[in-house]
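Okay, so subunit A shows up in both of these, paired with subunit B first and subunit C after.
Then we have the complex of A and B:
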């Protein structure tokens, strides 16, 4: 999966990369959602998929994400913001 | 002509304390709701067998109120035991208005005389063969009291259920049946007594077409395969999984612990979009497990449970582990033993229920013979209420024990521990 992500990321910006990871793990076309899309209610992403997404992002960016901070996040935009903040503070 | 097909409200615990514990501590409420609030495909299947000129309205009472003043010509109600009290209220109300009512489903199948007291016609067994006959009789003004299915339905003959009749906005998870029947003979189970012990299934083409039809309506929906044992015919399920891999699909299925023996197949399940598997462990007590199957199948698996859980979850598939409290071998110690087992093995979602003597099961017959059934309404058959006299404890002890286990396994700390466990797994995959 990680190799797959590296191959597909190319020159994408961070937000696009995170959306790509979300859509790849959730097996949902990234074009059908935007930053206002609700993670659980609209995308049907459950806590197991959320943790899979976190694990892949942690591994890819070599960062640590506190599960507690992210597991109850409601929409895609907030999810991306938390990850962006962690990466910028790295 | 207009038919109203109704799935009555049900399966919400009446135990307010338990509901509160769960709401306060679990981040997985929506997951559990999707399991317990399932809309069965029965009404959608008989809709395909209804001529086009007849208008059909599906009412899922978990979401929509019933309009008793609407001009229905005929009402059909599908009922499982936990819905029976409400189903009979609905039936009585419509009949008081002179509308013909029919009732089918597992509860009506096992207690047809009871159901008949509230309706004009009862469907006993699978309704695919009898529904068209009933419609013809209704047209002629001459319905029978009972319509009994005389032979098992050939699943390969079924059309895609009418999912398009459901209100799209009500569902994020769609339940789909690919087959019926289970070879295991669990004492508490009624479905295998109704559907039989031989697994009958649809063809791969039927299944793929059905998934595509569902995805046209709900592009992001997770599909929950409703079969009691989705992977039991390993040769067929291997072939099916190859086809599922080609579709962008997330799915859940029910199966048994024997799947753990096949590491390669578990990996393929994950690649094909399987996120979670529901597995009935039932108990971690040797004495309790010894009484569940006639051939002691589950008892023989007990010592493999931790290793099997590890093998499945290590591939990134979460286990929804089903456990029953109040079995005859259970004692006061069982509660802590179970909670410790769940926590030690990082089971993704533990589903802990109280032993429930469903009519039609061997358990029901045995407890009735032993004068251990309590006289309470079917609305208490929510799997969290005590509807019988437990053997080694009082009903109150059992309820308190259930609360204790819930508090432990659904504490915030416990849930975060499970998520960290899975994070490590996903990092390794």
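Then we have the complex of A and C:
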């Protein structure tokens, strides 16, 4: 099992924090993917891993993400956009 | 005795505590008392009969976790119909096989799945569940002849043995009764205790562990639509959850997202099954949550085969064999590893309309599980699968079926499917000059349209 993700992202911006979370759960170096990277087909992130990512971001930003909104998200960039929108509407 | 008779007996003597609490995505919750559940089952039974469903009608149903799943499933069994609980992840490849093998008389489905099953509903009764209501979407003019299936059979549950297509295990009522009884002996539940159910009820493990055990032991089932650990950590103190039933990966998720501030004082046991729980994870989870962690093993043909017992659980094992099960570790090697064979009068004894596969699996009263195990101090250890299937986060993958699916992609001439370290991969021979990076993505997208998403290989590589 992973040790708990260190929630101290330091001075990272939102984009980098999300990529770090995706990278940690997908176990793929965050430097090899970008905003066009497909979450399922290229990062191999399945539904349970998606839930873990959602939970960690929710906890860090104290927001609630509707899982149904994430189902149709294809790439990293779209995922970041949704999170940005939720945070800005908070 | 039918399992439904026992459930009704239990409902008649239920206390004031709810039978179900459904937790909905909008954060609302719906309470259902035992009396209300009885009424719902009666209403479902009446509706189904009025829609034309009769004894020995085979009924495929596509329903998510809900009190309606429970009431419809029980109503179908009570009518004497033969329900097929369908995996909602199945797509064309699985559905083609199941529908052609079982030839259901009727289909009951959540509305969003209607487009998926349109190719299969000609001349069938179709009932749709939408916004919590059932409506008859399609009736049939001419009455169909019922299937010839013994009354002892409760349902047809599809599973895999590595043939490349699913097999409909004929599950008797006595299997559900015995399965619930032996699980109860290990878990020792009390009336009024609260169980959190997060697994899809269409699998045999949650069907017995999260549907029948709570109903027969007068426990309140809390049905969650999510496995989001932050939400589950809220539910635990809010609903005073005593027992959770889940796969090891969900407990690992809870572990990864745990927070010291959460009140988990109501928790007593985690019931675990469906995939491998390592010794290390067993100890970490047990310590982190201060619960009994009861891991077990079973199959669609019989569940549970073995399970750890409260107060006597051992890390890394799948527990002692359940009472009443005869067993053998067949052709054991020098390490004591051999195929697990079981025998019990209550297990499934055949696959629907699959004589060859039945004869290969069931011999002289023994069922060949296709899994390799060993015994140590009366506890069973799961070693690996012998049959050509693997488990990924509780989902069974038939490697031959994955190969068949991949070979449907244009220009792929051969494929080798592998499963190592919890990762499904495929080596493919493909006649193309196209850029393979784009092609791998297209192959995955193609597969996700025709087969359950968890069967799409994470890694695809071209081989010579």
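Just so we're on the same page, the second predicted complex is superposed on the first by the 82 of 90 C-alpha atoms of A that agree within 3 Å, B and C clash if a C-alpha of one lies under 4 Å from a C-alpha of the other, contacts with A are read in each partner's own complex, and residues count from 1 in each chain.
We take it that a residue touches a chain if its C-beta (ideal position, glycine included) is under 8 Å from a C-beta of that chain, and two chains touch if they have at least 3 such contacts.
If you're wondering where the values come from, they're calculated on a predicted model, not measured in any experiment.
When both complexes are overlaid on chain A, the residue A:29 reaches subunit B alone and has no touch with subunit C. In the superposition on chain A, A:41 makes contact with both subunit B and subunit C. Shared-chain residue A:51: touches subunit B and subunit C both. Residues 1, 40-42, 44, 46-48, 51-52, 54-56, 58-59, 67-68 of subunit A touch subunit B in one complex and subunit C in the other. Subunit A meets subunit B in the complex at residues 1, 26-29, 32, 40-44, 46-49, 51-52, 54-56, 58-59, 67-68, 71-72. Interface of subunit A with subunit C (complex): residues 1-2, 4-5, 38, 40-42, 44, 46-48, 51-52, 54-56, 58-59, 66-68. Those residues of subunit C that touch subunit A in the complex are listed here as 25, 226-230, 249-250, 252-253, 255-259, 281, 284, 393, 440-441, 444-445, 448, 453-454, 458-459.
Subunit B contributes residues 27-28, 30-31, 172-173, 219-222, 248-250, 273, 275-276, 316, 318, 348, 415-416, 419-420, 422-427, 429 to its touches with subunit A in the complex.
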